[in-house]
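Let me give you the structure first, and then I'll get to my questions.
Each chain carries a letter (A, B, C and D) given by its place in the written order, and its residues are counted from 1.
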């Protein structure tokens, strides 16, 4: 059986975007993505969908860190600063670890620690267990 | 000078995800994406970030259809049904075409017309003109 | 046993704000509120919380129109035009009538039909029945 | 000329709901509301609109603490725990103090410090000065 961290390597879309799950603990996860040419939109900055993908993987890791399958119901992302080339980090905190409807906040920052975007998301936690054993 | 439709071909991230801008008129845009293996998350359904990318391009097209550079400030996406392999369509309508803070709604549907997700987004419209001439 | 419409008369906060539930059918509800002096904020326009209260009652009516107790998990409201004195109407549509996590959209308009605000909300539907019989 | 704190006493709707602005500093505001019989909804807990009103006043205070008129464009509120009778507190932090589109997070807690709801909101900052002198 895989760990949670290994399980999320099967997220093809996130993997193709270069998202890496760096750390996952109960209630906390951290991921990164290097913004390169291929992440840019027509305006020459990182596409919102790329930032969302990074934030979504961090959400999924923390929301599933309890071992129960948890999906994103709704997510609200606010873009504060444009992201250029370079590393972007996502820190996800499960602010409210509810049995059914947990609430997670994800902050995206660049290498200098400047806040790029904030995502908040409500999840829906199912009865079924994830097919994982352990976190990292 | 390019048309708006051509301009958005330079969105590398959306292009790599297979997003195509099908139609753009003042106040309306439509885009598509074929969900394939590479769009799937660890749960075997289309990653939320891929759906967001499709919706974001449709947002950008309609929000910029007036010719002024318009960015997404905040976006709220609600996932209603998981999307499997196949075509997904995004229809974006500028519900409130404000001079500074327009409001756009995007609906994502699958081939059968079933609603997959709804995104609403507030934009910020700048004074500067987009370097485009015409829409399509 | 009361009807759903009667049940919501026990919403003290909405009643005090002058919210009236005009109509409720499966998947649809309509409510009104007259904006008077007491609804205004320090800027002289209708307080966002008053508009939210109106929208929330319309949400609650439509989300509970199936007879199962349904709560608001998260709501996103976008203010498009300031509301002055006069009638405001809320139309709520259950866009996605899910067994657990329904999704509702509420549009607020003034007497002239101008769109004032849009609220979208995800609910959480419990197993328990509402203590009501019939809708209106 | 009034201080900012005095200015917000003219928010009739918030005042009628019992909202009090306790503190306002650059980038931070705190407000309170006592939940009584009149704040309850048909389910016997504090109406979402009452909590929104409290959060909205705290948002307005912090967003206007720079002296420029700032309106709420869009607000996202997530309800985590039902609020019963008793005091509720709102702490608002301007997470991103942008010249045009600031971003604010408001946390609502009860007397025991338990988190009841989280509101995030993007504002729109105008050129015009508020008719106030000083904060408190």
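Rule of thumb we're sticking to: a contact is a pair of C-beta atoms (placed from the backbone, for glycine too) under 8 Å apart; a residue touches a chain by one contact, two chains touch by 3 or more.
Just so you know, these numbers come straight off a predicted model, no measurement behind them.
Set against the C-alpha centre of subunit A, every other chain centre is closer than that of C. Between A-D and A-C, more contacting C-beta pairs join the chains of A-D. Averaging C-alpha coordinates per chain places the centre of subunit A 33 Å away from that of subunit C.
For this pair, subunit A with subunit B, the centres built from the Cα atoms lie 21 Å apart. With centres taken as mean Cα positions, subunit D sits 29 Å from subunit A. Contacts with at least two other chains are made by residues 73-74, 76, 78, 122 of subunit C. Contact residues of subunit D toward subunit A in the complex are 76, 78, 80, 95-96, 98, 103, 105, 115, 118, 120, 122.
Those residues of subunit C that touch subunit A in the complex are listed here as 73-74, 76, 100-101, 122, 124. Remark: subunit B residues 7-14, 16-17, 37-43, 46-50, 52-54, 56-57, 60, 69, 71-79 touch subunit A in the complex.
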